[in-house]
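Two complexes come next, and they have one chain in common, chain A, joined by chain B in the first and chain C in the second.
After this line comes the complex of A and B, so read on.
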């Protein structure tokens, strides 16, 4: 394909080696958790959770090329919806998860419809998504039913199917593990389907795509709704796993940035990118957090910010495409 | 509802609006010249506040004098940021540019947390509590001083951009980079100068509000978001638009705080922001150009 003007192989292809690694890792990871200490298992759960969430972000931010910095809105919507249903009506988190996801998808539909109908792109789209998420955060901070600034405590509850999330790290691990695999399969299916090609076409050249008959508005909307739905599922997992929900850590701009950063640093528009990004950033985050005792509060995020700036300057495409180029310089991805 | 309450709120809104304008003018200048949306803008304002605080605490100087220290210091800082961090990504994808300034914001915020501690501080000088009473309304002296000084700075910057050689070069760069380059303008240096001036606006605004605004490492975020709202309202890259937008948002927030809880007042400006972006993306004044207009 070298020299071809078409980008059919696309930056999303991960090749046989990539798939081999994924399948191997998948098999290993079914067995390994029995052998690990609870803390290591907790770390792995975090890595998987953020890999999942960044993969969801990747659908709209990576493949469709629409930089959303407000995904916390969908995450928080999922978390708050299922938590409120659980607290007040004892609805099982499994059902709450889906209801929350539907709410988030509706929000995504509304926001996407407005933004794409009026042709908001690039930084403008990013700013609107920030504005919506910030409005939601401010409302959550001020509404008593939502727990206000002090947040919501989720009681341990053996019934209602919640025990899976709450009582042991091991079962929570399998849940988030399944969700991560699901997200990879969905994104992969999307990529090899016409919609994946349409999204790539829209990202690379929206006018050109429109000229050959792709409806950019429709496909961008589909990608945002799908991404919102899946992100909200992760929100419910987060709430049930931590048993605590608070506006700043579930709806704050920092949450949205985390999703985006993992995917961008790993390589947006690739399947391995968000996973690799989450692995590196979550683990290095946990590591630098342990430095706080020596350096004082703030050091951990200072290092994070510095790493991020460094990556922006030296690896603007993200790790996966850069590595892929090194391994196979002929391919035009 | 007493009419004097509304009047008081309007006055307060106009006073803080001047400061919003100064912050937004800096943001719009940076955007107009280098097309970078500076997500770290509010963090520089926060640094300006800390500068004023420490100059006052260690040297006993008034925050209005620290404005004079702010100008060269923040211009140099801005020039360094532009040259070292922003320049390498200027030709890169837009989301990387946004991410870079977001990362810078994170870095500065947490550096402040590390070195200045999370304590919420207040800078109090003798004139902090002075106020003029006009009719039934009170005009607080530090707010008035901040607003007047901010407007003075904006006017000075306006004349700089409009009537001096360097101003002309900045405008030329924003309108047509290649053209400016071919005409012999050192484009890279102009970018650095423009970024420096933009950052200095935020820093000065920080020093000016220090006497009446609580200070913590997280103060900046609110101002970054407010500055976005103002800039979008006035039209991105529109200098005078940012000036009027600042007053408008100041008054809107201040009036909204009468009717809804004060902590929710920002919802109003975000709502306004979304509406403007959707229905008047070129700003209230309907400009069609993308570059800096003075």
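After this line comes the complex of A and C, so read on.
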């Protein structure tokens, strides 16, 4: 019954209902931004940006099951590369985006090769990814060209194709919107290709996968490189949208954790998971911040933490698998 | 099996493996002919699974050689050995628990083809052949032990092995399930797969194997027809 309409869950499938929701949301979201206030539009851009980044993380963290907690490295590499090229050589962010992504992919290749060659798994892989991201953060903090602790200001610049990102929220919205759709299409294509089967098999049982002829090292590496490449594209968007780049908020561990947590809360290894996770966590993060406006710095983080705990306790597999079970209790998946 | 099997597809030469002070295998030699079914028996700790681990690339021997189709496979990773045509099953089944039964078999069927629809087609054939059709959309983790063993067998068959290494696929099965499995293996054998079976139950060995190799404490202690070995084993009181 591969055509079951409620195949929201299953290993990565989203089914008719899932696609229906996505297509409807896609159509609505083409029109709606014209009607929204700049602040609400900014919120939606944030949701989309983190949905995109979590979807990228999902390739390696969700499908291949390799818990990376250092994706900020790829994000920051993309952001810094395109920004430096833009500042010093007036390279359009569009090209900078791709160059940054290639740099991040190369880093992913090197780290993945090291980790998978020596069979690092689970928490050990996570620790190594954290270590590399932290190294990059320390480098960015201490190298003058990279702006050091005070960061890099990106001047408004009408030329070089940067206006799309910088001058209006509306055009930035369409850019990140396109990127998010692209990430969904890529992950969906991957899921329905042999590589998707291999990644899931590796996640479920690496030895078992090897025994039936799957090369785990190769496919884990492919997933990490692809994920790094795409994550770096998001880094450029971030830099151009905020016009400011600073080590802690682009290379810090908090950034890596955000990508991972969005996907895990939403349902890792599902296509809708990172999107729903980003929707819930980005909005509740912003909302709790607005609740406590003065005098209570940090209180919003406590409320945010409570929301996280709640979802972990009541939605242990993530939102998407849990909802799918509710919708169709007869299905055993 | 019709007539004499003549072409040797696998040769094991002087295989030794130590774990610390324990001699898991010492100077074990045997061979497998094309389309042959061999029973590998022996008490717990005899070295049967260690032998499988080495033959499938999950372990390397201290000494000795494993030659498959004329080339040494020592040092090759398991997935390459599987690509070359040797597939093993595990005593503790290793299903992809979160995937459906069909998806489990599709992963294995992708061995040797990159074409997903071809692999899906083969997976559907195999799922019928092993009697798991009704469970196609169930997650592997939800199957009972008996069906997990069937799934393990189905995955191994889906890789289209030339040589199949089965580690206790009969243990824990009901009588009817044992008969079913015997039939499945007979038909796989008829379509050209040689099989080595590790098993404590003598019935499937007697039904399937044309030759039996007995290990004890890492040493090959006997080799011969199933009947002669069973008789000898009874004498020493290993198999009631």
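Following the convention adopted for this analysis, the second predicted complex is superposed on the first by the 319 of 333 C-alpha atoms of A that agree within 3 Å, B and C clash if a C-alpha of one lies under 4 Å from a C-alpha of the other, contacts with A are read in each partner's own complex, and residues count from 1 in each chain.
As a convention for this text, a residue touches a chain if its C-beta (ideal position, glycine included) is under 8 Å from a C-beta of that chain, and two chains touch if they have at least 3 such contacts.
Note that the structure is a prediction, hence the values are computed from the model and not measured.
By the document's definition of touching, neither partner reaches A:178: not chain B, not chain C.
When the shared chain is aligned, chain C comes close enough to touch A:197, but chain B does not.
In the superposed model, A:312 lies in contact with chain B only, and not with chain C. By the touch criterion stated above, A:38 is placed in contact with neither chain B nor chain C. Shared-chain residue A:207: touches chain C; no touch with chain B. Shared-chain residue A:301: touches chain B; no touch with chain C.
By the touch criterion defined above, A:215 reaches chain C but does not reach chain B. Once the two structures are superposed, chain B and chain C can be ranked by residues of chain A touched, with B on top. Chain B meets chain A in the complex at residues 37, 85, 88-89, 92-96, 98-100, 102-114, 117-118, 217, 221, 225, 228, 232, 261, 263-264, 266-267, 270-271, 273-274, 277-279, 281. Those residues of chain A lying in contact with chain B across their complex are 61, 67, 69, 114-115, 118-120, 122-124, 126-128, 130-132, 134-135, 138-139, 141-142, 253, 257, 260-261, 264, 268, 295-302, 304-306, 308-309, 312-313, 316. Across the interface of their complex, chain C is touched by residues 1-2, 10-11, 192-194, 197-198, 200-201, 203-205, 207-216, 269, 331-333 of chain A. Chain C contributes residues 56, 58, 77-80, 82-83, 87-90, 94-100, 103-104, 106-108, 110-112, 114, 116, 119, 137-139, 142, 155-156, 158-159 to its touches with chain A in the complex.
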